[in-house]
Amino acid sequence: MTSVAVNKVAPGPSRARRWLSGFRERETWVAYLFIFPWIFGLVVLTVGPMLFSLYYSFTNYGLQQIAGIEPTKGVGFKNYNALLDDPKITSSLKNTFTYTVMMVPGKIVFALLLAMLLMRAGRAAGAFRTIFYVPHITPPVAIGVMLIFLFNGQVGIVNRGLGLIGIQGPYWTTDPHWIKVSIVLMDIWACGGTMVILLAALYGVPQHLYEAAAMDGAPAWRRFKDITLPMISPALFFCFIILTLAGLQQFTQAYTAFYGAGGTQPEAALFYSIYLFRQAFEFFNMGFASAMAWLLFAISMVVTLVNIGVSRRFVFYQGSAR
Amino acid sequence: MTRGGQETLPTVTAGAAQPLPTVTEARRRWRPRLPSSWPRKLVIVLLLVGLSILFLYPFEWLAAAAFKPRGETFDNTFLPHNWTWNFSGKYVPSPAPQKLFAIPDAAVGHWMWNSVWISCLGAALTTFTSAMVAFAFAYFRFPLRNFFFGVLLATMMLPGEVTMIPVYLLWNEVGKFTMDHSVLPHIGTNTQYPLWVPNAFGSAFYIFLQRQFFMGIPRDYFEAARMDGDSYFSMFRRIALPLAKPALIVTFIFEIQAKWFDLLTPLIYLRDQTLFTAPLGMKILFDRFNNVGGGEGDFQVIMAGTLLLVLPMVILFGAFQKYFIRGIAVQGRKG
Amino acid sequence: MEGQRKRLAVVLALVAVVAAAIAGSAIARTDGTYAGTLNIYGYGPGDDVQNNRAAYAADQLNGVDVKRPAGDFDDKVFLTRLASGDVPDLVRMTRPRVAQYAAKGVLQAMDACVAPVKKQYRVGAMRSMTYKGHVYGVPEFTNQVTMIVNQSAFRDAGVPISAAQTKNLKALTATAKKLTKMDSSGNVTRIGFDPKIDSGFGFYMWVKWFGADVISKNGLQARLNSPQAIQALTYTSNLIKAQGGWNKFKAFRDTWDFFGRQNPLVKDQVGFWPMESFIYNQFSNNSPNVDLVAKFFTNRKGGPITMFSGNGWVVPKGSKNKDDACRYMKAVTSVQAWLTAAKKRFDARRASGATFTGLYTANAQADQRIYNDIYQSFGHPQFDKAVQTLVHAAKYGFELPPSPGGQQLQQSVTDAVNRVLAGQQSPKQALNQAQREAQKAINDNK
């Protein structure tokens, strides 16, 4: 089939010229027309402010500058140096990383299991789908209650349940080692959004593939590994990227549980975003907060690129240009 | 079905294009079925029920708290000991317990209506524009495509706190401009425009999500339409949109919920009480009745309001979730 | 076809919604700021006292259009308004914030405005409105801290009420231990004495007990790791350890329904503890028959200590109506305003059979007049006695001096206390770290 002879074709136009000629294609202009609304919003509402915050990170932008009392002065890399000196930065980054590493796989696995369970629920599936989704839209005030109901060291259900099988449960809300785990578990519990996306993906897997595999005698785990996973891999990839970014920016769960009124504000729950919020809106160090934001941006960029690189091997798209 | 006994399971690498499925085959969908053996059935039922209790507890707590009288809101009993209607009634001034819709200077019903139309409008706008943009990223080949996709992802990586003030200043400038040119409607801070106009430009999250779904549609569907002389836009409308219905519905529901519960944007942009949305209204009521500030601690009103906030979202989801299933056509290979 | 009609319906719906949007926002167009208008921020419609005082003040400022948008003070919102130049004319914010904003030059000095009425206000509260010798406004409320004693717990444990004292620390620890109850599995079922070291006032009051202050009078020198501070933190953390340890202590405390009918006094969940004054209102409403006693929190010599917290009125730079702002803030915190509101509240309470536990303001004259002229017994002697204690405790109030790094100082204290309670550091290590952080913040912001 393949010839061994070397292709003897005259060298075509250079890569740059070929790339530029892409702009003459009608398809290109239509494509740009399609994405124009997003580009417009991007330039006006997103990139502009982002660049501003990048600029602020190199200045002394603070309360006086915001109020117009003092001019904004450039301070070079002072804020970024301060990042390196501040021990809270390292500790909050560590907290955030640990949390993300626990939360992302946990949430995806749990959501997938729930979705698959729902597919076997028969006619009542609709009701259960809604029930499993409710945590995702339960407001923070009720989630705080959940924390006490589940994770209170003395009367929480989890510890009582563990006690039944003879395990002395930890003090989830005060023990520094377990605080993050309790936040992760609360987050996994609210996986309704991820579950919905994976459900939609699961329903898109053509049935005849399963039937063909069953006829060929493939066992359930093999069907899962070679049909389900590849076919839902685009959705899995999406969830992985999004959840990782969400994990790095985690704020609401931890803030409501530990930093609200009467919260103990343990350092184990000081996530990077919470510290950023504090620097920006309690200490008014806007320049420093902007530097923190851009550090997180750089980290997120690196992590996402790694994710994309790793996923190239595993994500399978049925159609369209890659 | 096998063809010539040589059918193999699809592997990770993309294979050759297959002919389109016929109409009857397209109608066949994978339906969830109960497993046949009863021990497995029992396990599944137990799991479902057990998980349901776990998932519903906070919601049930909220619903019960909304019907408890002042002073018992946080007693954590499963059902109210004294069922109280906290939503409406005759207004009795403090120190009597308040009713949600009978609080002076608090147009709760109006706030809810604001939440409804802002969420729906914003969600509809974002669903449509995100679909357009996502389709372009999925289907078209054009220069700088990967670059822009990278930019798309990058916009999700910067925490919103540090862009809050620049964006506010931007809207403030727009507001000043429209004030000077009174032929234009007043758009700017202290209006509701900043709450939904950004949705008209799509949103990175949904563009990414829908792109994934669009990329799952085989190109042959589109090639066939193109060969029939379809314009790109009608191809998008007639083929891509229906096939990606689950993604569109998910986008719509997610964005409605995100806007519905959003507190920060209304907090900083709205000053006039008639423009408030429901979550902001609840916060205002909380400030007012908070006992630390000297109020009477009418938390039952806050719980009632929060329940009214959450209930529509649950109902909305319950109504729409079946469309994930109904709207799906078979994608991909013929067996 | 059906599809067409459906699409038409969707389009019409969209159009209707957009029309509603434009109509709705047209209302918000007029935003006139001209002399004769007073834009207040942080003082919207509130409880009856707030509304009545606002009505009185608006009356005094006849002819001025007073605008009071809803919502309490929020830093994010205030920042955006500062940034856009749309500064409110008069702001009500919490007192710890005043120094921070004043230090950055965001607020105007109001010495001339406040001088004529300065004597009416409590010295401790007024001090926290003063920075670098200039007064920036007037204080509004004070919440003072007193000790609440659960008599039934004492009776149950066979301990005399006189043991509810903070003068002698050894005796205090013994009393606390006697009142602590645990069940068979080792869980705490009643806390003896909660030193509230993890609250907003606890650490500062305990350091005062040991005779020191956490910050110099001019607010520029943090003193978080003085020997007295270390002693304070050591004593209180040991006290918690002796009552079951922080984990059990906190887990138990989290289950309390503090503000409701099943409050910790009714359910006998705590023996005695220092608490801010607003709680009496809740207790008297929800459980008027509960057997409580109010006592002073005292230092080692028996002298009462109480810490104030509260809010105050300030005028930002860039306020367009400084004069009316001055008149309003004095009017709304005047003796007459407080009396009017207190009388109305008293009448309303009496009419509905609820209790009235007095108002605790930063206007010393107003407090005295309210107690003398308006307050009457409701038939619950324990609350009458509590009110008496509260009124007297206010004389001994102190607040943290305003400091440019005030917020960060409080944050480093909270963090240090947490580290000690969680067993991660010794009090000395924790406070040394807190001292470093706080002093650095003060120096950076000077």
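By written order: A, B and C. Residues from 1 in each chain.
In this section, a residue touches a chain if its C-beta (ideal position, glycine included) is under 8 Å from a C-beta of that chain, and two chains touch if they have at least 3 such contacts.
Predicted model only: the values in this text are computed from it and were never measured.
Summarising the inter-chain layout, the chain whose CA centre lies farthest from the centre of chain A is C.
When the interfaces B-C and A-C are ranked by C-beta pairs in contact, the top one is B-C.
Computed centre separation for the pair chain A/chain B is 17 angstrom, with centres defined by C-alpha atoms.
Distance between chain centres (mean CA atoms), chain A to chain C: 38 Å. Shared interface positions of chain A, defined as residues touching 2 or more other chains, are 66, 281.
In chain B, the residues that touch at least two other chains are 76, 165, 292.
Shared interface positions of chain C, defined as residues touching 2 or more other chains, are 76, 79, 83. Only residues 75-76, 79, 82-83, 85, 87, 100-101, 104-106, 187-188, 198, 246-248, 250-252, 254-255, 316-318, 407-408, 411, 414-415, 418-419, 421-422, 424, 441 of chain C touch chain A when the two sit together in their complex. On the chain B side of its complex with chain A, the touching residues are 1-2, 7, 9-14, 25, 28-30, 32-35, 44, 47-48, 51-52, 54-59, 61-62, 76, 129-130, 132-133, 135-143, 145, 148, 151-159, 161-163, 165-167, 170, 198, 200-202, 205, 207-209, 212-221, 232, 236, 246-247, 250, 253-254, 257, 261, 292, 302-303, 306, 309-310, 313-314, 317-318, 321-322, 324-325, 328, 330-335. Interface of chain C with chain B (complex): residues 14, 17-18, 20-22, 24-29, 31, 44-50, 69-72, 74, 76-77, 79-80, 83-84, 86, 141, 143, 257-262, 276, 278-279, 281-282, 285-286, 345, 348-349, 352, 354, 359. Against chain C, the residues of chain B that register as touching in their complex are 71-76, 93-96, 104-106, 114, 117-118, 120-121, 124, 164-165, 168-169, 172, 185-187, 189-193, 196, 264, 267-268, 271-276, 283-284, 287-289, 291-297, 299. Contact residues on chain A toward chain C in their complex (touch as defined above): 62-64, 66-70, 148, 152-155, 171, 173-176, 264-267, 278, 281-284.
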